[in-house]
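Here is the structure we will look at, set down as C-alpha cells.
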C-alpha cells in the first residue's frame, strides 16, 4: 500500500486525482494540504467526497507531511511546487509534479515565459517528462516526474510519431485548440463567470500561451529538430474536454492513410492512445484517460484531430499513469 | 428627448438597460457611473457596445450627474442606491431604482432582511412598486419608482389576480422557482464559476431568500389579506430566464380553466403579460419583456407556470416600462 | 464470472451500464442486442467504447441469447421488455428489467397509464421493486427485479422513511423535480434538439407523468397508507442529473432536524444514500451511484432536497446494485 | 409599406427573420408558408410570437402567395428555393434567397457540391451575392439576391480586404471555424440531440463542407485571383454564434497592425463590421447584426479572429440588410 499526500488539494485536478485514487487498490490517501488556515474537511471543499474520504485539508510543512507518505502529488502552482519538491525528494519520497516547473528543458525558457526565478534550477532539464507513451523508461526509473500540460499532451501525442518518422514538415505546424473551462482552474475570475463563458466561444492568449514553449521543446526533443508551432487556444462553453485541430504539411508522399498507419503502429501497445476512424469528440473521452486521434486530408494539408479529457489524460489520469509506472504497477491500474 | 444617467453601469442589468435604451427614440444616454476610478470606456466593460455608445464610466457625485440628465436609473446595490436617490429627487430628477430599497412597505422588514439601516426611511411605504400591470396609475404620477425584484415579478403577476378574486387559498402557496445565473450579478464568486454551475441544478437560500418578504407584502397588498408563501429558488445552468412553478389550493370551485379565464380578463389590455395555452419555457420569453403564464390542474392543486427573462421583465425591461409611463410615452416603446 | 446480455443496447442507459460493467470483476459482457438489422459494432454506436469492448449489436431472439448468458439486463421499452422477459426466466436466467413493466402493483394501473395491454400480467405485483435500500431481502431472492424509475427513486428514498415513521402528512406531498435531458433517451425529438433545450427550463407532463402512479404505489406500500402526490417534472439544460424539491407538511412536532435524524438512522448502513448537511447539487452526485438528501424548514413546510445521477442511481447503477445483491456479491462492487 | 412573404417559415432563420421584421417600420408580414398541411398557427410553431403575429403557416403555391406580397424571403432548402424563385421573379416580386442556389458562380460547381441538378441555371453567376459590405451597388439594383452562407460571411469579410490589397498569400489560408448548433437547422437529428452536443466539441465535414467552394469563389472574385482555402468547421455546445480563427501568411512586410489598418479603412463607413482591439467573443455579437474582427501575430502567421451571430449576420440580419438596400431604405433599419 502506497501512502499518498496531495499538495494543494482544493482545486479541480486534485479532486479528479482523489476520485481516481479512491479506486486504486494500492493507494491510501493520507494527507491533503492547502494554504488555507481553517482546516476544512474535504467534504466542505469537495462535497462529492462526503462519506468517502475522512480527511481535513491542512496547512502543513514538508517535514510534517513527508513522514506520513511514500509519494507526493503536487497540485501547487508553478514556483510554489518547486519550492517544496526538493524537500520531499531529499526525504526519499517520490514526487509527481503537476506544475510547469520541471517540464521545460532549460531554466532560461522557464524564467522567460513564467516571469519568475526558478527555485530549483538544477533539476530542470534532468526530470523526465511524464508522457508515458514517449518516455516510459525514464519515468519508471524516476523519483520526480514532470506531469505534462494538457495542450502539450494533445499536441505531442499527435505529432511526435509523425515528426520522428519524417512524415510532416517540422516548420509549418498550426495547432488550433479548444478547451473546456475547468482547465482554467477553480478560482473565480471574470472570464470564467458562468454568464461570461456560457453561449460564448473565444480565443485567448493568441501567440502568447505558456504551453507554447513546452510544445516546441518536447516536439523538438521527440522529433530531433527545432520546432516552432503556431498555437491558438480557445475557450468553449463546456466543463471538461479538449480538442486540438492540427494543420500540418505532409512531407513527400505522406497521406492521411499513411499517417494513420504510422500512428497505429507507434501506439499499438499503448493502452491509452486510440487511433480512431471517426471524428473525435471531447465527449467520447470525457471522464476517461484516453486520447483519441484521427487524421484527415484537406486541400494540401493533413488535419490531425485529437481529444482528451483535460482533467484526466491532461492532468490527474496522466499523473496516476506515471505513478503506476514509478511504482511498478500495471500502467492502467485505477484508470479503466 | 429625455437625458438619462445610469448609476452603477458595470453589471448585467445596466448592460441590458443600455441595450434597450439604444433603441429608444426618446432617450439619450448621457452619463454612466461606476465606483471604479480608472474611467473605463463602456466598450471595455461591455464589448458588445463597441462603436455604439461613446461614453466613459466615471465615478461622479450626484451634483455632477444631476445637471446632465432628466432621469436616473440606479443599478446600485441596496442601501447604496437610497444613499444617493434623495439627491436626485431633490434636484427634481425622476428616479427608477433597481435596488430593494423602496420596494418593501415598512422599514423594519427591510432592516430585518437586509441587515442594514435604511438611509432614507421616509420614502419607504410611499414609493410606487414598479409593476405597471398592477400599479400603473401610481407609477405615472411618481417621481421615484421601485423597480420590482425578478422573483416577485413572476409571483405577483401570477398570483395577484387570483387572490384579488378569491380564487385560491392565501395561506397555502408554494413557489418553486428556477433561475439562470445572470440573476446573481456579474461579480465572480465560487457558486457562479462556470464549472460549478454547468451541469448542475441546486436550490439556494431555502426559506431565507430576500425576495420572500417582497412577495408576501405585495401579494398581501394586492390581495387584501396577509400572505406568507413558501419560496424556494433554484440555480439552473443557463444565463437568462426564470420559471416559477407555483402550487396553490383552489377555493371552492376554481378550476384551471376559471383561473385562466380570470387571468385573461385581468391582463386583457396589458401588453406584456400573455396567458398562454402551452407550457411556458424560459426560452420563449428570452430577450423579451413578456411574462407568459398558464395554469394546470394536478391532483388537488392548481399549478401555475410562469416565465420571464430575469434581465428584462425581471429588471431592465420593467424599468423602461416604468420610465415610459412616468414620462407619458407609449408603455411598449423600445420594448417590442 | 457471470455472463451478461444487454437487450436494447443502443441507448444511454445501456451505455452507462456497459461502462459500469467493464469495471466489474465478476462480469463478462457477452451479448448486446438491438432491433436494428445492420449488426453495428458497439464502437459505431458508442464511440467511447472503441478498443474496450469488441462486440456487435445484433437482432437476436431469446433462444439464441439465453444459452450465452447467465443474466439479462433489459433496456427495452415498456411492453417490449415483458414480451421477452418470460423467455429468459423460463430458461433459468436472472433478469433485471429497466422498463416500467413490473414496477406497478397491479395490471389495471399499468394499462391505464401506459395505454397498452400487459403481455405478462401474472408477474405484476409479484416482482420485487429494485430499490435495495428498501427491499434488499426480496431482491436477493429474486430471479426478476423491476429496476425503479428515476423520479420514483428520488421520491421514495426521500419520503419512505418519513412516512413509515409518521413524521409527515401522507396526503399533502408536492414533488417538484428537475431533470437533465438524458432522461428522455437517445432518440432525437424536437423538445430535446439542442437549440430547443439549451438556455431553457420548462415543466412537462404536468399532472400526467407516468412515474406518478409508481411513486404513489411504492410510497403507499412503504408507508402503509394511501399516498397521492402532486408531481411536476421539469427539463433543465444539462445532460445528467436529477433534483427533487419536495414540500411536505410535518406531523406533530417534526422538525427538519428530527427528519434528518430519522433519515440518518434509516440509511445508516446503506452505502449509497448520504444524508448531507449542505444543499445537494446534481453535480455532487454526477457519475456516481449516490443519492444525497437534506431537509430544511421553510414556513410551515419541510423541504426535502434530493439528488441523483439519473443514468446511474436512477437507472444503470441501481441495476448493477440489484445484480450484485441477486448474485451474492458485495452491494458496492463496481459502483464506487 | 412593403408586404412580405416568408417561404419555409418553420425553421430558426425564419423565426429570427420574423423577429427582426416585427421591428421594421416599413414591413408588413403577410404570408408564411410551409410544406406541412395542417395550417398551424405561427404561435404553435414559434411560441415566442404568441400575441405578436396572427398568421397561419400554409402550404400555398407561388400564384397564391405572389399577389399578396411585394417581396419574398425564401428560407427553403437548396433546389426547393430555385424551383419557385423564378415564379416570383416573373411576377415582378423581389426575392431574397437564403439557400445556396444562387451563391456560386457556375452551375457545375453547384451541381458537384450539392449533388442535384440546378432547376434555374440561367441565373447562376448573374445574381448578386448578398454581402453589402462588398457588393452594395449590385444589391441595390437587384431583383434577386443570394443571401450568403454563414461561414462564407465570416471568411469573406475577414479576408477580402487583405487579398484585394495584396497583404496576404492567397494560396495558404486555413480557416478553423466554430459554430453553435442552431446553424444545423431545426430538424432533430442524432448529432444535434442535446446530450450528444452538450459538453462536446468536435469537427465535422473536414475537407468536405459545402461552404468551401462558396468561400473559394467569392474570395477569388473579391481578390482577383484563384483561392483554395483549407476549411474545418467545428460544432460547439452553444445555440448561437460563430467564430472563425483564420491563419494566413503575410505578404512582404504586412503586420497585424497594417492588416488592422487596412480593415479599418475598408470598413470605415460600413455600419455592421467592427474592427476591434479586443479578442472577439461570439457573445459580444450575439443577437446583433455585427461582425467583429481583429488581427494578431503568432509566429510567422497572422491570425484573424472574427465573430458573427450565425442566425443574424450569418442569415436573417443579412437578409434584412439586403432587403433594405433593395428597397432604398436605410441599411441599418430594424437592425440596431
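Going in written order, the chains are labelled A, B, C and D, and every chain counts its residues from 1.
Here is the rule we use: contacts are C-beta pairs under 8 Å (C-beta built on N, C-alpha and C of every residue); 3 or more make two chains touch, one makes a residue touch a chain.
Just so it is clear, the model here is predicted, and its values are computed rather than measured.
Its C-alpha atoms fitted onto chain B, chain A is found rotated by 180°, rounded in steps of 5. Distance between Cα centroids is largest for the pairing of chain D with C. The chain pair with more C-beta contacts between its two chains, of A-D and B-D, is A-D. In this assembly, the C-alpha centroid of chain A lies 46 Å from the C-alpha centroid of chain B. The centroid of the Cα atoms in chain A and the matching centroid in chain D are 40 Å apart.
We define each chain's centre as the mean of its Cα atoms; on that basis chain B and chain D are separated by 36 Å. Counting partner chains per residue, chain C has residues 180, 196, 198-199, 237-239, 281, 283, 286 touching two or more of them. Residues 22-23, 47-48, 50-52, 199, 274, 276, 278, 281, 283-288, 292, 336 of chain C touch chain A in their complex. Of all residues in chain A, only 174, 176, 178, 180, 196, 198-204, 206-207, 228-232, 234, 236-241, 243, 245, 247, 279-283, 286, 296-301, 303, 305, 307 touch chain D in the complex they form. Contact residues of chain C toward chain D in the complex are 12, 180-182, 186-190, 192-199, 237-239.
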